[in-house]
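In what follows, subunit A forms one complex with subunit B and a second complex with subunit C.
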Partner chain A sequence: MADEGALQAAIAAREKTVTSLLSNPPAAVKAALADPPYSSTSDETRRASAKVVVKALGAVAEKDIASVVDGLSGAEQDLLMKYVYRGLETGEQSTQLFKWHASLTEKAGMGCIMRALSEKQRV
Partner chain B sequence: MSTAQQPYLACVRSTLTAALCLQNFGCQEVERHNKPEVETGKASEVILNPVVIARNENEAVMIEPSVNSVRVSVKIKQSDELEEVLVAKFMRFLMQRAEHFLVLRRKPVPGYSLSFLITNVHTETMFKHKVVDFVIQFMQDIDKEVSGMKLGVSSRGRVVAAKFLEQFTY
Partner chain C sequence: PRREFPRSDHPGELATMSVSAARAMFEGGGGGPRPSGVVPGSGGAKAADGSTRYHILKLDDTTKRPLAISCFAVNKDGSMVAFSPNNNEVHLAEFKDGAFNVVHVLAEHDQRVTSIDWAPNTNRILTCSEDRNAYVWDCDGAWKPTLVLLRINRAATYAKWSHNEKKFAVASGQKCVAVCHYEEESNWWVSKLVEGFESTVLTVAWHSSDIVLAAGSSDGTVRLFTAAVKGVDSKPSQIFGPDVSFKKMGAEICVINTNSWVQDMAFSPSSNVLAYATQDSCVHFLPTPTGAVPTQEAVQTVRCSGLPHRRMIFLAEDTLVAGGHGNNPTIYGLAGSEWKEGKTLDEAKEVKAEASAGASARNAAFKKFEMSSTQGIDDSNAAAVAILPTVHQNTISGLATCEAWTSGERASKVVSVGLDGRLAFWKVPSLEEAMKKLSLN
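Now for the complex of A and B:
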């Protein structure tokens, strides 16, 4: 069982990397998607992790969303879809997240949504 | 009004299309029985991850998929007390006639205004894209209906008050 403290420290470190990379949106998104807290048992840790990703996504301009999604690998796109659903739970920044969801569905297809629904490794 | 809702409805539509891949799955505990697994909630291996798509804190859709059934719960926007009462009464009216809707659930999931229960039998007998269209259309029309009812309440109140107060004038 992974230590919550270690996971939270990793998320805080990830947040710092993302904040420093905000001027380079594609790199910020990739950095935010690194090291997902799959083994976490605390809801708070997962929400903190999702917040980092939503922050990175918010830095990308609307016209660049498609190109950023293209630059991600298949596994990263699946992970991003899981994070988008996490972000949509609260209802904050929903307009931004809907754009990302639409772009991801177009590029990665229904399979991406299916994997977000069925994989036991939840982000 | 509806153009702002389009991305939200598109997201719900694609998620619902993916979630509605259902197949027959007999009950694992009782032989010869067939139950909607999302409702029994006992076996974790046949239940998929629930997803909440919230537009803001008042409007949300929760989709709980499983191997043979999907539960879609809708939280309808209620901005004041009058709308809350109207929505509650309207939903009660619809839920009492749930057999006519086929896919409606008689009780909403706690925290939501209305719930649909779509099983593999429904996807086998009806077109899947039509079922999705129905849910999306429902979500679109509900807001219009509720605001129409609200206007109706205030105009009826005005007419009744005028008639009543007429008797006090010369």
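Now for the complex of A and C:
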């Protein structure tokens, strides 16, 4: 059902886009959030996807986090929260991810956390 | 179970004490034994301007702590409420002179009562419980129960009268809904089970025609199906298109998928919109105009900023109030053609923790253990986090309004009850007022 190859190719393409946009952090984050691999059945694919997002998040300076979050739509904020939890699973760059978590919670509220935890489509 | 009217010499029994005594208890600084269930100096039952912030419906007999209200209903003129203090009993309380007095205790169920619905016109109470039964209570002096054999093997979770009050639907853990009507020949309420769900059905809502029933389940779906009963309903017209003859009772009209458990749902007064709240902190609005089958694409989803809602009711065609784990009733209003989240009814101003007046070592000790058991706080510095700024200290488990509080098409007053045992009255703001959000987004 899920073509892992196609999904992985899409993730690789996304990574390229993000790398090229790293100088424009808000755009990089938006690009990283595009096309989440919902239908993937492989953990590896999902980890690769999360890596791309964390990379984009890393490019944003701490003082800009709030404004980047502001620029995201409600759906994108929920998706980003899901990626934050995914990223926290690995234990890398957690300080930074927690800052994103705090900013997202401030903007989108506890509802955002609920949606990240309870939605059937896992990222 | 005790059936007699609860009496107590203890001044802490708010359910029985007079209003003036209650006032003296809260407004006086110290003096007199304090009910250990109510934290002294917490703002108690009275707000700064003297209006009552909340009422406590029932105190436990031994510990004198407020009992959680698991379900709730109001009668037509708002003079009486029916509630269950999270056990197998249903208490009927009269609201007189600004206080609640329990006047009847309906104790027929064996297990926890999960839902109460009060039919406004026929004045019958419908209760259902985890004991797999439902009772219809009639009043002629005393309240008399009539058992309804639902023929289910799992708990009943939710019960609702139809608009004409001749039928009712009971949702159950047996993945089905029991649609019941009264059969004259056998003098008995008869149930027909509607299957099709994949998990516990948590809530039902009747379309204003009483021919279509919507049900929401923990399998994440909302299903609409026909529920016309021969002998009770007149020949059904086609509401949404498909044939709704009597033979096809329980025929599915449509299935709407959501991402999470459907906690509660309600049709708008005109039944043109079906609103439902899901556990992922979203409130969805499905347009259900007559003539066309409702579709998934038409659903409008409002992402809530707070925790998921457990209960919701429509206050007007364009205003919905929902409350739940956020402890705060929130308004959702229709702005043009889009539903949006509005203000919360509780301003939730920070309440100063524990005033020093009357706080003795004994009270501090009481509070410490109370906090650790009710809120899981194990900190000796508990005073700082003791009280939530909202009136409700725990999940809101019921929202209700009644005809007496509705003027024209709009409810002006709504009441909420919670698992903290508190009942609070709320004045409903106008739509413009409610949609004026002061927040950042």
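Quick note on the criterion: the second predicted complex is superposed on the first by the 123 of 123 C-alpha atoms of A that agree within 3 Å, B and C clash if a C-alpha of one lies under 4 Å from a C-alpha of the other, contacts with A are read in each partner's own complex, and residues count from 1 in each chain.
We adopt the following convention: a contact is a pair of C-beta atoms (placed from the backbone, for glycine too) under 8 Å apart; a residue touches a chain by one contact, two chains touch by 3 or more.
Source: prediction; values computed, not measured.
Answer with first, second, both or neither: which of subunit B and subunit C does A:K99 touch in the superposed model?
So A:K99 only meets subunit B here.
So, A:A10: does it touch subunit B (first), subunit C (second), both, or neither?
The answer is neither, since A:A10 touches no partner chain.
Compare subunit B and subunit C by how many residues of subunit A each one touches, and report the one with more.
Ranking subunit B and subunit C by residues of subunit A touched puts B first.
Please work out whether A:T90 is in contact with subunit B alone, subunit C alone, both, or neither, and reply first, second, both or neither.
Only subunit B; A:T90 stays clear of subunit C.
Touching A:Q121 in the superposition: subunit B (first), subunit C (second), both, neither?
second
Applying the touch criterion given at the start, work out whether A:A27 contacts subunit B, subunit C, both or neither, answering first, second, both or neither.
neither
So, A:M110: does it touch subunit B (first), subunit C (second), both, or neither?
A:M110 sits against subunit B and subunit C alike.
Quick check for you: in the superposed arrangement, does A:G74 touch first (subunit B), second (subunit C), both or neither?
A:G74 contacts subunit C only, not subunit B.
Enumerate the residues of subunit A that count as touching subunit B in its complex and touching subunit C in the other.
Residues 110, 114, 118-119 of subunit A touch both subunit B and subunit C.
Taking the complex as given, what residues does subunit C use to touch subunit A?
Answer in residue numbers: 220, 259-260, 279-282, 303-308, 326, 440-441.
Help me check something: in the complex, which residues belonging to subunit B touch subunit A?
Against subunit A, the touching part of subunit B is residues 7-8, 10-11, 14-15, 17-19, 21, 48-49, 51-57, 59-60, 65.
Using the touch definition from the top, list the residues of subunit A that touch subunit C in their complex.
Touching subunit C from subunit A are residues 70, 74, 78, 107-112, 114-115, 118-121.
Help me check something: in the complex, which residues belonging to subunit A touch subunit B?
Within the complex, subunit A touches subunit B at residues 85, 88-91, 94-95, 98-99, 101-102, 105, 110, 113-114, 116-119, 122.
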